[in-house]
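Shown below is the structure under consideration.
Letters A, B, C and D name the chains as they come in the text, with residue numbers starting at 1 for each one.
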Amino acid sequence: MSMNEEKKEFRPLIVAFCCNWCSYAGADLAGSSRLSYPADVKIIRVPCSGRVNPMFILRAFERGADGVIICGCHPGDCHYSTGNYYARRRMALLFSMLEYMGIENGRTRVEWCSAAEGAKFSKTMNEFCEKVKSLGENVRLGDLRCKN
Amino acid sequence: MQKIGVFVCHCGTNIAATVDVKKVVELVRYEPGVVFADDYMYMCSEAGQEKIIEAIKEYGLTGLVICSCSPRMHEKTFRACAEKAGLNPYMVEVANIREQCSWIHKDKEEATKKAVILARAAIAKVNLNTPLQEGESPVTKRALVIGGGIAGIQTALDIADAGYEVDIVEKEPSIGGRMSQFDKTFPTLDCASCILTPKMVEVNQHPNITLYTYSEVEKVSGYVGNFDVDIRKKARSVDFGKCTGCGECQTKGPLGKIGNIPSEFDRGLKNRPAIYMPFAQAVPAVPVIDRENCTYFKTGKCGVCAKICPSKAVDYEQQDEIVTVKYGAIVVATGFDIINLDKYGEYAYNECPDVITSIELERLMNAAGPTGGHLERMSDHKAPKEIVFIQCVGSRCDDDKGKPYCSKVCCMYTAKHAMLIKDHWPDTNITVFYIDVRTPGKNFDEFYRRAVEQYHVNYIKGQVGKVKPQPDGSIIVQAADLLDGKQINKKCDMVVLAAAIEPNPGVRKIATMLTASIDNNNFLTEAHAKLRPVESPTAGIFLSGMAQGPKDIPETVSQAGAAAVKVVGLLAKDKLKTNPCTAQCDTLLCNGCSTCANVCPYGAITYEDVQVNDHGLRETRRVAQVNVALCQGCGACTSACPSGAMDLQGFSNRQITTEVDAICR
Amino acid sequence: MQELINRLKELIADGTVVRAIGWKKGDMPYNPEPAYFEKPEDFDDFVYDGFCGANLSKMMIEASKLEGKTAVCLKPCDTYSFNQLIREHRVVRENAYIIGVACRGKLDIEKARKEGIKGIKSVTGIDIEGDGEVVFDTIYGEKKMAYSDLMLDRCHVCKGKDHVIFDEVIGESKDTDDADRFEEVRKIEKMTPEERFAFFKSELSKCIRCNACRNVCPACSCRKCVFDGTKFDSQQKANVDSFEEKMFHIIRAFHVAGRCTDCGECSRVCPEGIPLHLFNRKFIKDIDDFYGEFQAGKDPEAQSPLTDFTFDDLEPKDAVGRGE
Amino acid sequence: MTELEKNIEIIKEISGSDPYKCMRCGKCTASCPAYSEMDIKPHQFASYIIRGDLEELIDSKAAWKCLSCFACIERCPRDVQPGKLVDATRQIVARQRGGDYLQPEEVPELLAEDLPQQLLVSAFRRYRR
C-alpha cells in the first residue's frame, strides 16, 4: 500500500482542439465561472472543428498525447454552417479506425459544446481526463512499432 | 528567425495568485526565437501597452506572445498595440493563462507548469506567423428585421430614422406581435394598443421601411455586410393594391362575422372567419385568406368574399412569391410564446375552461377582446368572484416539464392583473400563490406593494400542488401557506396560470439559417453576455427583444434601440475590413480534385486552368482559387484536401502541428 | 488475346488513338508489366492473361496530358477507378478510348508459392478465354492448381463483371464473387482490442516504406503526397519514431476514404505482403454502415460521403465501441 | 467524516436527489395528502438534511406517516422529490436497526406487478414498524 502511494500518480497528456466560436468560448466560460478541470488538458484554438485535420490528431498521439478531444459547436450551430458536420464524419471514421487497430476508444472523443456551456465543458474535460487516466499511458499508439 | 517578445500579465491577482508569473518569464526566456520576456500587472492597460510598444522598438521585435486572458477578450487590444508600434497585428499570439489556467487550477506549481506549456505553444506558433493584410468588402446599406413585434418595430424605426432602409419580415398577417394582445402595461398601466398602434402606423408610413407581413425568411447566404436573403411572401389571396381595408369580406362570409376558426390572436377564446385581419388595428389593414380553413380552397365552392368585395381585391389565384434582397445586417426579433401546459396535469388547464393562462386573461380584459372587456368565466359567462393566480408555472423548473429560468415578467403582470381586476370589479377576491416575488426595476416593487397595500391582494408563499375542478363549477386550489405553516384548500371560480415564456419555436430554424448560436433554452446567444448583449457571435447578426432572453417591454424597447445603433454603426461604414485569415491554395500541390470546393460553405473556391512552373516542368493545371472576399476562414477545405495544398493563414497546418508538438514536448 | 491485339492495332492504324496502354511480358511468366504500345512491333510483347492484375487506370493521368487519344485496357474493376479519376478531374475522358477487357479473376503467384510451387519455367491455362486448370511447368516437374484456388483474394469479392465505363468491350467476363467482402474486416472487429493491436502491430512492422502501395493506388494520385511535403513537417525522412508508418497507413487510408474503389492493388503490390486493403475496406464498411452503401467510382456524379452530411449523422462516440 | 455526515451522504445516495436544488416552493407540501399528520412537512425535509438535523428526522412522525403516494415526487419542479428523501430516512432507520424482517425469498410472492417497486418497499418499511 505504502509503495503504491509513493508511486507517482499518472497524469495523462491531453490535447483539446476547440473551435473558436462555441467550445473555446465555452472553455472561457468554464474559466470565468471557476469550474475547474485538470491541468492535464491543453487547448489548441482552431477556427472550426472542421479545421481539425486527422493529421493533427495522429501527430499528437505520435508525440505522446494520451488522449485527444475535439470540441465544436452543436450540430446546426456551426459558425460556418457546416464545418462540424464534416468534422463529425471525419472523426467517426477516424476513431472507428483507431479502435479497429486496437487503440482504446476512450482516448479519442468529440464533444459539442456551446459558448453557454461552461459547465458542460468542465464536466466533459473532467470525465475525459478520468477516462484517459484509467486507460493509463498511451503505450499502444506509441508502441505500434513497425520494427519489432 | 523571429525576434519574439513574451509578455506575461498578472491580471492583478487573477493570474498572479495561481501562476508564478516571474517563473513563467524565466522559463520562456530561452525558448527558440525569444529575445525578450517580461511581466506586468495589467498588460492590457495603457501602461502595459506602452511597455509592449517600447520593447518592440528597443529589441526590434518581429513577433509577440502575450500570456494573459482569453484571446477572445484582448487579442484585438494587443494586435492594435502591435500595429501602433509598426508591427503587423497578425504577428501577435495570445496564450490564455487566465480562463484556461489560473482561474481553473488551484495548485500553483501545476498552474505555473501549464502556463509555461501554453506560452511555449504560442511561441512555437509565432515563430511560423507571417504578416497578414486585412482585405475589404463592401456593405449593403439595408437592414433586415425578422419579427414585427414591439422589438422589431422599435429596431426598424430607429434604423429608419437614422436614414437607412430597413425591411421587416413578419410571419403573421399583421405586425404588432404579443404586445398588441395585451390590455394594459406595467408599471404605469397605459393601454397597450394606445402606445403601440401609433408605432405600427409609423412603421407602415415610414419611407425607409418596407413591410413583408405574412412572410417568412426562407434562405440566408452571404456574410456580414453582404447577406442575400430569400423571403417567401405567402399568398395573401387579397390584392394589396386594391384592398381598402373596409372589412366587408370579414362580416359577410359563410358564417358572418363570427366564423368558426379559433382566433390565434384571441388565443382561441373567440372564433374568426377564414378571411380575416387578426385585429381591428392590424397593419397592414389588409385581410388574408387562411387557405387551410377556407371553404373555397377546400371545396372549390363559396367564393362569397370575392363577390362582396367592393374593390374586387380578393384573388384566389395568388401564388407564394419569393423575393431575394441584399442586406448588410440582420436583426432577430422573433419574440416569445408561452409553453405548452399539457405536461402540467395538476393545474387542470386542459380539463377546465376556467383555468386560463395570463395571455388569455389579457384578452378577456381587453375591450376589443372576446368578451368586450367584461371579465367572465368561459364556462358559464358569470363574473368570477374569487380568482387565484399561480406563479412560476413551468418557470424555474429543473425537471423535464418546464424551463430552468425565471420568466421575469410574471410577477409584475400578475400584480397588474390583480389591480386592474380590483379596479373594475372591487368585490373580487384575489389570491396570488407565489414562490418568490421578484420585482427589480424602476417603480416595480412599489407597484407590487400597491397591489398588497392598496388593493389588498392576498399574496401567499407556497406553490400550488393541485387544481381540482368541482362538479358545481367551482375550483378548489390545494396549496400550502409556507409562512403560516398550514395547508389550504382554496375555493375559487377562476384560476390564472403564469405560464413560463419560451422563445418563439420558429427561432431555431432561423438561427440555423443565420448560423447564429442558440442556448439550451433556444434563446439566442450574445457575443458577450455583458459587453456585447445585442450582438450575436456571428458578425452582422443582432438581437432584439425576447429572442435573446426574458424581458419586459421597457427593456425590450431599450434593447431594440441598442440593436438599431449597432446596425447603424455597421451600415454607416462603406467598407468592412475582412478577416485576413483566409484559405490559400498552393498551386504546385493542388490536384484540382474539387474536394475542397465541395465542402466550402461560402462557395469561395473556384477552379481555373493556370500555367505553373513545377520545378522546371511547365504545364497548364486545373487548380483551386480562393475568393478571399467570400472566404470566412473556417478551414473546412484544409482538412478535406488530401495533398495539403489548401492551407489557412493564421491557422496553418504547420502552425497547428507545431503547437501540438510544443504541448506534447 | 489476339482479338484484343488486333483491335488495338486497328485503332492505332485508323488514327482513333495514338497509343495504347496494356501489359507486356515480364521477366517471368507470372509478372507481366504495364506498358505503352505505339508501333505494330511493340505488340509482339503484348500479353493479357490471368496474371495481368495491374489496374491501368492511373496511367491515364499522365496519358491524358499527351497529344492524341490513348486506348486503355481496363478490367471491370478498373473502370470504377477510372470513373473516380474523372470525378476528381484527374483524367480527361475525351483523351481516353476505353477498351473493357474481359476478366475471369486475376491470379496471385504467392498462392502457388504457398503450395510449394517453385522454379517455374512456364505457365499454361491462364488465358482469358480458358476455364481449365492452371498448369505450372517447373524445374521440379509439372504442377497443377485450380484457377480459382490461385485467384487473388480480391477477386473472390469481385464487384461484378460489368464495366461501368467503356468505349467498347472485348470478350466475356465471369463472376468470381464467392466470398463476403467484409468477412476479413468483421473477423478483426470481433477480436479483442489486444488481439487487434497485436495483429496490426505485426503486420505494420513489416512495412519498409517503399511506397509501392501509394504509387500503384489510383486514388493516391496527388502530385505530391503530404508525406513528401513540408506542410505538416511530415516529409519523408529517417523515422523519428516507430509511429510514422502507422500514421502513414492510417492517413493514406483516410485520404482515400470515400474515394477508394477497393481495387486491392495496394495489397497486391506490397512486397511485404501487408494486407493493406484491410484499412480501406474498414473505411468502406464503416461508410456503408454509418451513411448508407456507397461504392466509389460507380457513379462519377455521386457526392463522396466525406464531403457530404446529414443533420442526424452518427455521432463519433457511437461510431466506436459498437462491438462492446 | 462524522457518523452524521456519513448518514447524510447515504441519504443522498439512496434517494438520488440533491437537497440543495430545493427552492422552497412548497409544491410538495401543498400536494401532501398526509399534511396534517406530518410533523415535519415534506418541503422541510430538504432543509433538515442540509442542516444535518438527521436525528430529528429519524425521530419524527413524518418519516412514518408519509403515504408514499408519490404526489410530491411527481410534481417537484426541482427534481428534489422529497418523497425519496422520506424513504431514504426510513431506510437509514432500518439499516441502523439491522436484521431482516423478511427473507429475500419471501418477497416475490408478496409482489404485485402493477405496483411501483418503491411504493412496495416503502410500504414494507412503513407497516412493519
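Worth pointing out:
One rule holds in what follows: a contact is a pair of C-beta atoms (placed from the backbone, for glycine too) under 8 Å apart; a residue touches a chain by one contact, two chains touch by 3 or more.
Here the structure is a predicted model, which means the values were calculated and not measured.
Across A-B and B-D, the chain pair carrying more C-beta contacts is A-B.
Chain A and chain D have centres, each the mean of its CA atoms, that are 41 Å apart. Annotation: 30 Å between the Cα-based centres of chain A and chain B. For this pair, chain C with chain D, the centres built from the Cα atoms lie 69 Å apart. Chain D has its Cα centroid 43 Å from the Cα centroid of chain B. Within chain A, the positions touching two or more other chains are listed as 53-55, 59, 76, 82, 86, 90. Counting partners per residue, chain D has no residue that reaches two or more other chains. Listed for chain C are residues 226, 232, 234, 306-308, each touching two or more other chains. Applying the touch definition to every pair of chains gives A-B, A-C, B-C, B-D. Residue ranges of chain A in contact with chain B, taken from their complex: 13, 15, 20-22, 24-25, 27-28, 30-32, 34-37, 39, 42-48, 50-56, 59-60, 63-65, 73, 76-83, 86-87, 90, 114-117, 122. Listing the residues of chain B that touch chain C in their complex gives 586, 588-595, 598-599, 607, 614, 619, 622, 640, 642-644, 647, 652-654, 657-658, 661. Chain D meets chain B in the complex at residues 21, 23-32, 35-36, 41, 43, 71, 74-79. Of all residues in chain B, only 70-73, 96, 98-101, 103-107, 110-111, 113-114, 117-118, 121, 508, 511-512, 515, 517-520, 525, 537-538, 581, 599, 601, 632-636, 638-640, 648, 651, 653, 656-657, 659-661, 663-665 touch chain A in the complex they form.
Chain B contributes residues 346, 392, 396-399, 401-402, 435, 461-466, 478-480, 482, 485, 487-488 to its touches with chain D in the complex.
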